[in-house]
Structure formats: C-alpha cells, structure tokens
Amino acid sequence: MTAAHPAHHDDVVLSARNLLLQFGGIVALNDVSIDVRKDELLAIIGPNGAGKSSLMNCLSGFYRPKKGDITLGGRSVRQMAVHEVAGQGLARTFQGTHIFSGMTVVENLMVGRHLHMRTNLAQSFFYFGAARREEVAHREVVEEIIEFLEIEAIRHAPVGSLGYGLRKRVDLGRALAQDPRILLMDEPMAGMNAEEKEDLARFILDVREAKRIPVVLVEHDMGVVMDLADRIAVLDFGRKIAEGTPKEIQADPAVMKAYLGEDGP
Amino acid sequence: MESPVLELNNVEVLYSDVILAVKGISAKVPAGQCVTLLGANGAGKSTTLKAISNLIKTEDGRVTAGTISFDGIDIAGGNPADQVRRGMVHVMEGRKVLRHMTVEQNLVVGGHMGSGRDARALLDEVYGRIKRLAALRHRTAGYLSGGEQQLLVIGRALMAKPKLVMIDEPSLGLAPLMVEEVYGLLSELKASGLTLLIVEQNTRVALELADYGYVMEGGRVVLEGPSTSLRSNEDVREFYLGLTVEGERKSFRDMKHYRRRKRWLG
Amino acid sequence: MDPAGVFATSFTQDQALVRTRRQAVTLVLFVLAMFSLPFVADARAVAVMTSMLITAVVVIGLQINTGLAGQINMGQAAFMGVGAYATALLATKGGLPFWLALPAGGVCAALFGLVFGLAAVRIKGFYLALTTIAAQILFHFMVLNMPAAWLGGSNGITVEAARLFGLVLDTDTGVYYLCLVVACIMIAGAYGVARSRHGRIFAAVRDDDVASGMMGINVVRTKALAFLLGAFYAGIGGGLWAYYVRFVSIDQFTLIHSIWFIAMIIVGGMGSVTGALIGVFVIRLAQESFTSVGPSLVESFSFLSGDVVFAAMNIFLGGIIAGFLIFEPRGLMHRWNILKRSYRMWPYPY
Amino acid sequence: MSDFLNYLINGALTGLLYALMAMGFVVIYRASKVFNFAQGELVVFGGYMVWWTIIQMGMPMWLGLPVAFASAAIFGLMIERIFFARLVGESVFSMVMVTIGLLILIRGIVLVFFGPQVRAFPIIFPIEPIILGDVVISRSLLYGGLLTIAFGFGLSWFFNRTRMGLTMTAVAEDHQVAMSMGISVQRSIAFAWMLGAALSTLGAMVHLSGRSINMMSSDIGLAALPVALLAGLESLAGLLLAGILVGVIQGLASAYLDPLVGGALGSVFPFIIMLLMLLIRPTGLFGWKTIERV
Amino acid sequence: QTTYNIAGLADFTGPYADVMKDMTGCRKGVLDWWSEEVGKAQGVALRIKEYDTRYDVAQVASLWPGIKSELDPVAILGIGGSDAAALQQRLPNDKVPQILATAGYGFAWKSDSWVFNARATYPHEVAAFYTWLQKKSGSTAPIKVGVISSEVSPAYVDIHKGTEKFAKDNPKILEVVETVYTEAQPTDLTQQVNRLVRKGATVLQVFNNTASVVATRRALQSLGKTNIPIVMSAHNGLVSSGKALGGLEQMEGNFEVYGMAMSTDDPTPARAYFEQLRTKYKAQVSYTSACIMGMSQGLIVARAVEQAIKTKGAKGVKGEDVRAALLTTPMPSERSFGVLPDLQYGKDAPFPTEGLAVNIGTVEKGKYKLLEQNVPMPVLNKW
C-alpha cells in the first residue's frame, strides 16, 4: 500500500481559507481558516454546536461554504462534488456510524476500494475475466487492512450485527482502503471506554507512522487530543478562537472558558 | 435496605433467535439512588436497558430467561407503554429527538400520559430545571447542537413524571463543559429523589455521580460494587479510567502494543 | 455460512458463488433439467416455465433496482413495455433480426429508465417510488397518443417469430429455448454485477448514500445506473415477451403487473438474485396452479360457480403475500439462510 | 368566459375531492409512517359499506351512514390487528409492502362479498346542481369540498396542536422513539387506519353519490396520488391547496388541450406537474424537509 | 360417442367479472342443448371447460399451451381483446379457431384470421345507428354527436377512432363535435357534457363502461337536458346502466345498438330459446346481453361443428374443420334462433363486414324495449 499520490513539495496538504457557512440565520462557520500540513495530526476541538462537524463537512465537500476556498494538494476543491473530493484523496470517518449495515466487513472495505477500481458495467456483467481479476487484486489490499486493524475474525460478519467499537474500526478501515492523501475523523472515540480508546489511538498512530497520512481529528476527549495532536485548533460559535500546540492551547484562557471549564481536563 | 425499585434476576436476551447478547445478569436499583452500568462496547449494556423497557421487541429481540421486576411486579416482556405508565422512562442512546418537531412539541409528546391540565405546569417545571430549553422552545429539534439535544431528551423523559429514569450514554459526543452541565442536571435530579440507572462510557463522571456500579463484559456482569470501591479497583482504573497504577493518567502516545490480561477473565 | 470443513484457500475461492462440490453438481443438474424440460414435461409446464423465465428477467432487474440499490420502482411493467414495444418496432419496421432487436429493445428501455433514474437525483424514498408510477402513466399516454403509425396506438404491434440460422422459433419449445438461453445469460450477468464493484456500490448507496458519496461513489450516477440496469433487464424481458406472444399492446404492461413484480421480490427476499428467482417461481406457481385447479373445481363441484371460485383465488394470493410479510418479512431467502445456519449449527440452538 | 369560470370552479371542487382522497393517504402516513398503496381499495370498501347499509339493507340515511362509517372504521382496525400489530418494529419498508399485499387482498374480498357487478350508489347529496347564471356546480362536489376544507384544517390542527395528534406525529417520526416515551405505536397505527378508512368512506360518498360503484372505483386512489405528493406527505392543510391546483390545471387542460391533442392529456397532467414540482422541491410543497446531518 | 372439447376463456376476477356468470352459463347451456338435441343423433357431444384469465394477456398466453395439450379443443370461446392479443399470432399454427364474445376491434381487423367475432366492430354498429337515426329524423343534416371515451383501455380508443373515421368519410351522416376523455370511473361529467351540448351535440355516444354512462346520464339530468339521448352498446347497455342508476326508468329515451338479439321481454325466438336453456338445460343464468353474447358464441361454434360433421363425419373433426365450416357456410338467422342476424364470414376480416344488421333498443315508459330490428349496417372503411 504505497502512497498513490506523488509527494507534495508544498508543506500544506489541505488548506481552508476564510470559510463562511450559514444555515438560515445560524452562522455555523465564520471566517475559519485552517491548514493541515504534511504528516501532522491536527485536532479540532470546541463546544457542541461550535461548527466542528460543519467544518469537516465543508472540507469533504458535503456542505458548500458560502465564502472562502478550500484547496487539497494545491487544487481548489470548493466547487467539487463530494465524490470528486474523495477522488482527490480525501477520506473521512463519521460522527455517528455511517456504515453500510447490509454488507459484510469485507464488502464495506471493498467499497472503500471503489475509487481505485476500473472495470465497467459490461465487464462486471461477464464477471469472469477482468472483473474477477480486479476483485482479487483489491481483495488483497483489503486483507492487508483487515490484518492491520485486527478484524480477521469478523471478516464475513454483517456489520449490522457488530458492536459499536468494531463498527468504528470498520469505518476507519474503509477510509484507509481508499488509500487517501488525508484522513478526516469526526469524533472517532465517542462512546468508547478507555481501553477501546487506547486501541483506536494505537491504530491512528500506526496509520500516521506506517502510511504517513496527515489526519484531522475532531474529538471531545481531551486526554486523546492532547496526547495525539501535533496542533490543535479551537472553534467556538463558528469562529476559530485559538490554534497552537497542545501546551499552548491548554494554557489559553479563552479556550478554558469556552471549552474546558475552569478546572481544565 | 428497602426493596429495590428495579431488580434483574438472571436475565438473558436473545436477538433474532440466534445472538445471545445478554447471558444472565442480575442487578438491583434501589430507590432514590443512582446506579451505573459500565462496560466495553458490545458488552450488552444498551441491550439490558432495552430489555427492561422492552424496546428490544422492536429489534427482533426477546428476554428468554430470568425476571425483571419493577416495584415488585414482573415486567419482562411487557408493553413499553405500561412501563412508562408505571413510572420508568428509557432515554435511548444517540439523542433520539423527534427531529422535525419543535423543542416544545417534543416535550409535550413526552408528557402525553399526564392529564392535560398539569401539562402546562409540568412544562414550566422542566423549563425551570433546564433553562436552556426555554430559550429554544420553538426551534426544530433536529437542528439543535448535540448538547442541547441531550438536554432535550432528558427533559422529555421528565415530562412523564417518572420514578426511574434509565439513560443510555448521556455524555456521548459531548464537550467537557456540556458533560458537566448534563451531569449537573442529573445530580440535581438525583437530589430531588429520582432514581437513576445510567449506562456510561465516561467512567469517571459516572462513578462520581453513582452510588453503585456494575461492570459488564461479554453479556455478563464481571464486577460490581459501590462506586468508591470500583474507583479504586485496579482493572477499572486501568481499562476504564485510563490511569496507571500510580494514579497518573496514562498517555495515549506510549501505548504498549500488547494488552495485559484482565484479571476477571482469568 | 459454509458447512464445516470448507475453507477458502484463495480470494478467488472466497468470492466464488459455488463453493462446494455438491453445489456445483446441483447447479449442473439443474441447468440440465431446465434444458431437457420440453422432453419430459407437458406443454403446460413448458409454457408456465417460459413465462417464469421472462418474468424472472424482469424481476431480477427490479431486484437490482429495488432490492440492491434500494430505489422502490413501481414502473417496472412500463419499462418492460418500452422494451417490448421497441423490440417489436425494430423487428417489424426496422427489420432487425431478433438477436439485434432484443438487446436494442433493452437499451431503449434502459434509456427510458434512466430518465427516472435521473429524477432519483433529487427525489427520494416514497416520493421516488410514487413518481415511478408516473412512468406507467406516461408510457400508456405516449403509446396511445403518438401517431398510430409510430407505436401502433390502440392497435398494438404484431411481431414475426424470431428467426435464428433459418430456424423459426414459433413453437412453444422454440420460444422456451430462446427464453431459457437469454434468461441464463441475464441471470449469470446479474450474479456477476451483484458481486463485483457495481453491485457493491448499489448496495452502498442503498444503505447510506451520504457515506457512499464520501467514499468517492458518484451517488447520482449510481442511482441512475441502477435504474438503467433495472430497466434494461425489464426491456430484455419485454423483448422476449414480444417474441413469445408476438403481439404487444398497451394493456399488457399495467400498474398491476408492476405490483405483482414487487410482490415477487417481497416473497423471495429483498436484495438477492436468488431471492428474486425464488419469488418469481413461488408466485407464478401459485397463480398458475390456482388457474389450473380452478376449472376442475368448478367442474366437479357444480354448486360452486366460477365467479366464487376464481374470486376466492385473489384472496388466496393476497393472503400469501400478506402472510409472507407478516411471518417472514425478509422473504424466503432469509428463511432459507436461517434454516441452513441452524442446520449447520445443530445441535446447538445458538 | 363563463366556460372558463365553470372549469375553474369545478376543477377546484374536483381537486378538493382528490384532496379528500389524498387525506386518507396522509392521515395514515402521518400517524404511522406507512404509505398505503391500498387506499383506493379502502375507498371501494367504504363505498360498498354505504351501498350495503342503504341500498341492500334499506336503512334510512341517518342510520345507514353512521353504520357504514363504523363498519369501515372497524375494517381499518381489523387491518391493523391482523397485519400491522405483528409488524411493529419491522422496517417501514416492509409495512409499506404489506399494503401492496393488502391491495390484492381487499380486491379479492370485495369481489367475493359484493361481486363484480356495477351497483347503484345511493344518492347522498341531491343531484340537482346549483346553477348561478351560467355556472353549474354539482352539489356533491360542493358539499364534499366544504367538508374537505373543514377536515383539512381540522385534522391539521389535530396533528399539529393537540397532544394526541402530536403523539401520533411522533410515531411517524420514529416508531422506536415513540415507544420509548410510552406511546402505543399500535394504537396510533390502529387509529390511523380507522381514520383513513372513515375518510375513504366519506370520499366514496362524495365521489360516487348518485352514481355507481364496482371494484374498479378504486382508480380514484391513483388520481389522488399526485395531490398527496405535491402537498408533501406530511401536510394536511397543504392538501387543500395542492388539490385545488391539480384540479384546476387538470380541468383546464382537459377542456382546452385535450381537443387539440386528441388524447387524454388532462389525466396525465397531474403527474407531469407532480414530477416537475418534485424536481424543484423533492418533498412536495409543504412536506417535511429531510434533516441530514453527518 | 365422440366428445369434442371446447376451451372457455373467462374473466372472473378482472374487468369483465361482472358479466361472466351469465356469459359462461349461457355458452355452456347452448353446448348442452346442442349435445342433447343435435349431437346425440350423430353420437357427438360438446363439452366446455372454463379457465379464468383475469383478461390478462400473460395469463392467456401461459395457459393456452396447457389447455391445448390437455383438452385438444376444436375451438376456443374467448371474451375479447386480450384473448385475441395473446393467441391470434399462434392460432394459425395451432389450428384452432377462436370465437370472441365481444364485437370486433380495429386492431384485429386482419385477413385470414383464426379469430372470429360474432359481430362487426363497435364503430360498424354505431354507424348503423347514426344512419338509421338520420333517416328517421327525416332531415339531411348530419347527426351531431358528442363522444365520451377514455384512454384507460386501448379498446375504448379503438372505438372512438373508428367512429371518427366514419364521420370523416361520411360527413353528410355524422359529425363528431368533440371526443371527451374521462377517467375510468368519472366523478362528475357535468362540465364536459355541458360543453358537448353547447357545441350542438344531439346524441352522446358512450361506449366505454357503465360508470361512464351513469355519470353522463347524471350530468344530463342535472343540466335538465334529458332529451338528449345516449347511445351505448351491449357491454354497458340500458339494463345494466339502469340498474346502476337505481332503476330502468332513469334510462328513458336512450338507445342501445348491437348486432345481436336484445334481452327485452318481447316474445322473440331468441327469448324462447333462452327459456329452453334455462328450464330444460338448467343453465343458472338470467336473460341479459352478456347471456346473449354467450349464446351467440355457443351457437356459432355449435353450428360450425355441426357443419363440419356433415362434411367430415362424426369422428375426427379438428379445429381447422370448424374454421373451414365457419368460412364456407353461411348461418342464417333462424339457425341461431334469431340470436344473431344472418351471418357469413369471409377471409378478409375476422367478422362479417357486409350484409349484417343491427338491432336498436330503448327504454320506453320504464320498459326495456326493442325499437327497431334488422337495421342494415353501412360500409365502414378501416381506420
């Protein structure tokens, strides 16, 4: 699984400039800019309703900001449809579970490979030949991911019957199967206990180590954020109120007030 | 000790006639206390709650063994509506607001069992307890932020004038301040005499509020005790609170790549 | 789940449909039986099987569209009608041989289906299901109101029998083999599509179209493709129909036919090609055996007159469907899988 | 000019009849989230109940109509008892599929019990039209229209304002959530079907008064579809506007366009309007917008 | 004794379910009568087996091969359009003739047919009516007719297309002021009828279904224009429409036209024959136009078999012999007890196009009554 995209000379992989997003009267994002650099983990924190998910949705093309620009690998993706953004190498996991519950784990991951598959409908129709060769080739990639995430045992289980933690892992696997240039994760650890968070943290760290994919992480667990993030951006009421290293953020009084509470994490 | 409000005895729950999700658990919830149910993902916590309120019947599940008694009456397999009428409300996982309805309509629906006359008073009482909701009363519930939705579903449960509220993961996906606000509300409710059964992943806050706790794993209760003793249990500290033996918070950076075997499995 | 002792040792094996020797033997025997049917069974059975094969092609299309891609479609009979008309026109007016007219008819139906697929871009759920009823109504209107010279209007179109290598397929057996071969190809194709990339994204879009988009799937295109493919199958089925009855007219493709097609995938089970086949078989068998038994009932019990006996059949059929929905809403395929599973797990209950 | 006025007024009234038929769909949808494909069959059943009480049994109107309404409601209740009670918790999709089975089933029942003959339907509303100058207005349509307007606003108030209506709306939002609040989903669905069946009976009365009934009278259900979709499946008061819109356009189209085209353009027009409108507003004019948050 | 089988295609659960009982009962009655009184002497019996096709082409198509191999019938008695559609292409190979109960359709107007109708097409019949009406009125101005039709069935479209064609070819006889399209079950036709009346229509033609006749009649009543008659055919005739309106008197002054006997109370030979079927052959039927359709089918096939026996002998009569008999032998009206006019099939159409006559019925003083008999049918060109 080598990176399919040529390395970028520019340090910034994903960059959002002055995003403005409104829903009726509500300003979900107000003049928000962020940069994600090569090989870093950027965490985004903020109170509920601050606009974190909205920002992720803008970055992945699901919401279209009213103003501002988003570039991925130097190309503007603001006008692109969701699937085109994904085609540019952006993968994400979801806040709730948005998993294909009618399919097995393998199939879910194979959907992630869709971007890299090329056979046409006619070839699928006459399955034996190109379509089967392609299936097998991509199945090998998927098996690597299955092994990496340690979900061999549930390979053929329908995900509808899996517990929450495993689903999250499949969700991550599916994003990894896309072989992305950047990975966005929206609250991957919500609803997990410490042990499971540790597991997932380990996978995230491994992803960064082995595959060197920059990650944008939205998370409410301060322990996770402070330990994993290289940099943190803080949103409140749709505005970015702070950005910096975990240390700086922990010391920032505005952040304390808006987010962490007076007594800190 | 007086007899508990809710008592589970060797309850087994089966999904789709094939998946045994809860394999015989027993638990008690005494009146006026807060009991918490902890456990890893898939341990069967939500299933247990759904078995008590009998919402599992909507998911092709059923209680195959054991008894569930509420106020001394066996309620296993009963009608969910009767459970509410007896004074037990189940707040489901995932902030299930009625998305297309306004906040106030959500609350009104929550109080549909009471008489029309005290509805107004009850509504004001809930608005009084949860000030934030009052300001949001005409907003469409589906567009509220996560924390507001969580407050709304708790408020909606209160509208049924319950004796016992079962809450599934109230802190799920909430920011620290919001967690405090929700738990603040819960402790006020407890102080006002409400009995609480809380399923939680956020072990720290849950054990702070709760009087007693059960730890579930693989559909069984593997550990139980007063929350103070749970808090000092080594395994709970390591696996649920994420603390080192010395009481330091472990860093997520230097995770070992193997796991220590849990003592209760051995 | 596989029976104990069967392990996949390569990905090819793991993805294969036929996994045990017994399955392979059964499949071969089944196909052989189908091909020898005209020699061993009576004319009625062959005719019933022919209509089952044609229906199967149409219903598999519906299964792809509704069961697999999740787009409820109440206009499948109209799509079939478009295919039948197009095939008939191309064969009679265009003079195309049947092996060209048939796929071309499928393509025409596919294009008509595409129009509704594109509506699926914006319209979802029940709204979409109900707009496909409009397909039925528009098709009806168009055929009747275009100049009669184009689509035959109220006169319908008469079709010559299919010819292949000088062979005229105007006998029951001939038509049966034509339908059997085409149906085999279409069924095999459906299995191919269902287990490769396209089938997978159909199901992905059905399960969660938001997440699908973010996986790089063009949701709009996929839905349109599902309609296109479903309608293509309907069109091929329609084309076979045209060569089977050799006369097409508008009242052969009505809403009630579409409803029966849906009933078939309900009974068979949503989302699986095999389920569609089972559904077609069960419902058609029920319909046909009722119509077979009915006349004898009337003859032997003279106090029962035809109007009572045959009307009661509708209650039976409606009852069968309703019964399935009540007791086995996930269809026969699901029941079969559970049976298989508990058989393999025996003696452990779960 | 008077022609135009005639088409306008009668189109609107016919549209209101469609709205009344569509109300049956929407009431059932609004209280159970099930789209009932067998609505036309309910109309036929209700119609036969009226025929049975008044013509067959010879009951006077004041007795026959209430009995007919009651029997239709009981029929609705039976449908819930037999079919839907068991399906609580199953996906809405399978419930909708049940209604497709019901469609076939009710047809059989009607055939067996009432036979296929075309029967005279009692004259519920006087046949003599109201004639104002050149404008001729059918009484059954007029009275039916007024009833429809009353029901439209009344039911809209019921579902949006009263506690009971809101609890039923909650059922349409999510069966499981409704149950968790102690709402009896079953009772809500039962009520929906009873109300739906009763409304269908009223619809049959307006539609068939003084005319005839047989199995094929269910076609009106199809004609009401575009109205339900145009209004949006959740909106009751919206039906009135959508109904009038569809009725008027259909009336004008069949009066002025049909002769030009030489075909029944009037009857496909509602579907065309519906398609175009849905492309602009995918959930109809007043339906709930889907709330999609990721 | 030789028994010849006849396949009956019936529709007990589809659109024609309402008339099926009388129709099937009567055709069976005729065959029983024939076997007893004609066939017995020659050692031949006719037996019919009825199948429910729901009037659905798919059902007919899949049933027929089985019926053929099971019964090996010498003829098929069908109802109409769908039976013809499903079988017309294959009958030449199967060599079995089919006789339909309804009048002919434009789409089946093909030469060398194996499908036969007892009557010419509906437009033929209604054209005879207009010709008669004009003559009776004594004026040379064309009759102005308003047509009420529907597109739900292609058969209805076929009828109004044929009528329009007749008007086009015979502008001195007929003028169609407008063709109005309604739903299958129209709610209220007041506006449409009003428009037709104001356009000068003096007759309204409603050939689709009973519900449409009822709605049209109600519209005329509410407009106070009951002096404008409606003309209809056997399948939605005066009696059934009257019943659906709550009484035959409601249909006062309207017309019915078709080329068979009318089921009036008049003591006609057809009536007497029917009474014989009912009393002697225990046919549980009533004297309706559906019954007459059934009788006509039965008589046509029975007489053709009779003829075939004459030429081929009692044994070995095949479908093709029955067809040959149909094509070669004229059937004078007496042979059908006046149920049908004189009948002679030719090769160029599935129905006799020349020399046919129609009957016209009406309701007078609340009684269903035969108004005119043997009205000659004009020539009508294919549309």
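To keep things simple, chains are lettered A, B, C, D and E as they appear, and every chain counts its residues starting from 1.
The criterion applied here is as follows: a contact is a pair of C-beta atoms (placed from the backbone, for glycine too) under 8 Å apart; a residue touches a chain by one contact, two chains touch by 3 or more.
Which chain is which protein? Per UniProt: A, B = ABC transporter ATP-binding protein; C, D = Branched-chain amino acid ABC transporter permease.
Note that this is a predicted model, so its numbers are computed, not measured.
S.K.: Could you name all chains that are in contact with chain A and with chain D at the same time?
M.R.: B, C
S.K.: Please indicate which chain is farthest from chain A, where distance is taken between mean Cα coordinates of the chains.
M.R.: Max centre-to-centre separation from chain A belongs to E.
S.K.: Select the chain at the greatest separation from chain C, using centres from the mean of Cα atoms.
M.R.: Result for the farthest chain: B.
S.K.: If you average the CA atoms of chain A and of chain E, how far apart do the two points sit, in angstrom?
M.R.: 73
S.K.: I'd like to verify one number: the distance from the centre of chain D to the centre of chain E, where each centre is the average of its C-alpha atoms, in whole angstrom.
M.R.: Their C-alpha centroids are separated by 36 Å.
S.K.: Where the CA atoms of chain A average out and where those of chain C average out, how many Å apart are those spots?
M.R.: 40
S.K.: When the centre of a chain is set as the mean of its C-alpha atoms, what distance in Å lies between chain B and chain D?
M.R.: Computed value for the inter-centroid distance: 43 Å.
S.K.: Can you list the residues of chain B that touch 2 or more other chains?
M.R.: If we look for residues of chain B contacting two or more partner chains, we find 19, 143.
S.K.: Touching at least two other chains at once: which residues of chain D meet that condition?
M.R.: Expected reply: 107-108, 111, 115-116, 262-264, 267, 293-294.
S.K.: Two-or-more-chain contact residues of chain E, please, as numbers and ranges.
M.R.: Residue numbers touching two or more other chains: 12-13, 17, 20, 151.
S.K.: For chain D, which residues are in contact with chain C within the complex?
M.R.: Checking each residue of chain D against chain C gives 35, 37, 82-83, 86-87, 90-91, 94, 96-98, 100-109, 111-112, 115-116, 222, 225, 228-229, 233, 261-265, 267-268, 271-272, 274-275, 278-279, 282-284, 287, 290, 292, 294.
S.K.: State the interface residues of chain B toward chain D in the complex, per the touch definition above.
M.R.: 53, 55, 57-60, 79-81, 83-85, 89-92, 96, 98-101, 105, 108-113, 116, 119, 140, 142-143, 156-157, 160
S.K.: What does chain E use to touch chain C in their complex?
M.R.: 10, 12-13, 17, 20-21, 24-25, 49-53, 57-59, 61-70, 81-82, 85-86, 88-90, 93, 106-107, 151, 153-155, 157-158, 161, 284
S.K.: Which of the residues in chain D come into contact with chain A in the complex?
M.R.: Touching chain A from chain D are residues 293-294.
S.K.: For the complex, which residues does chain D have touching chain B?
M.R.: So the residues of chain D in touch with chain B come to 88-89, 163-164, 166-167, 169-170, 173-184, 234, 288, 291, 293.
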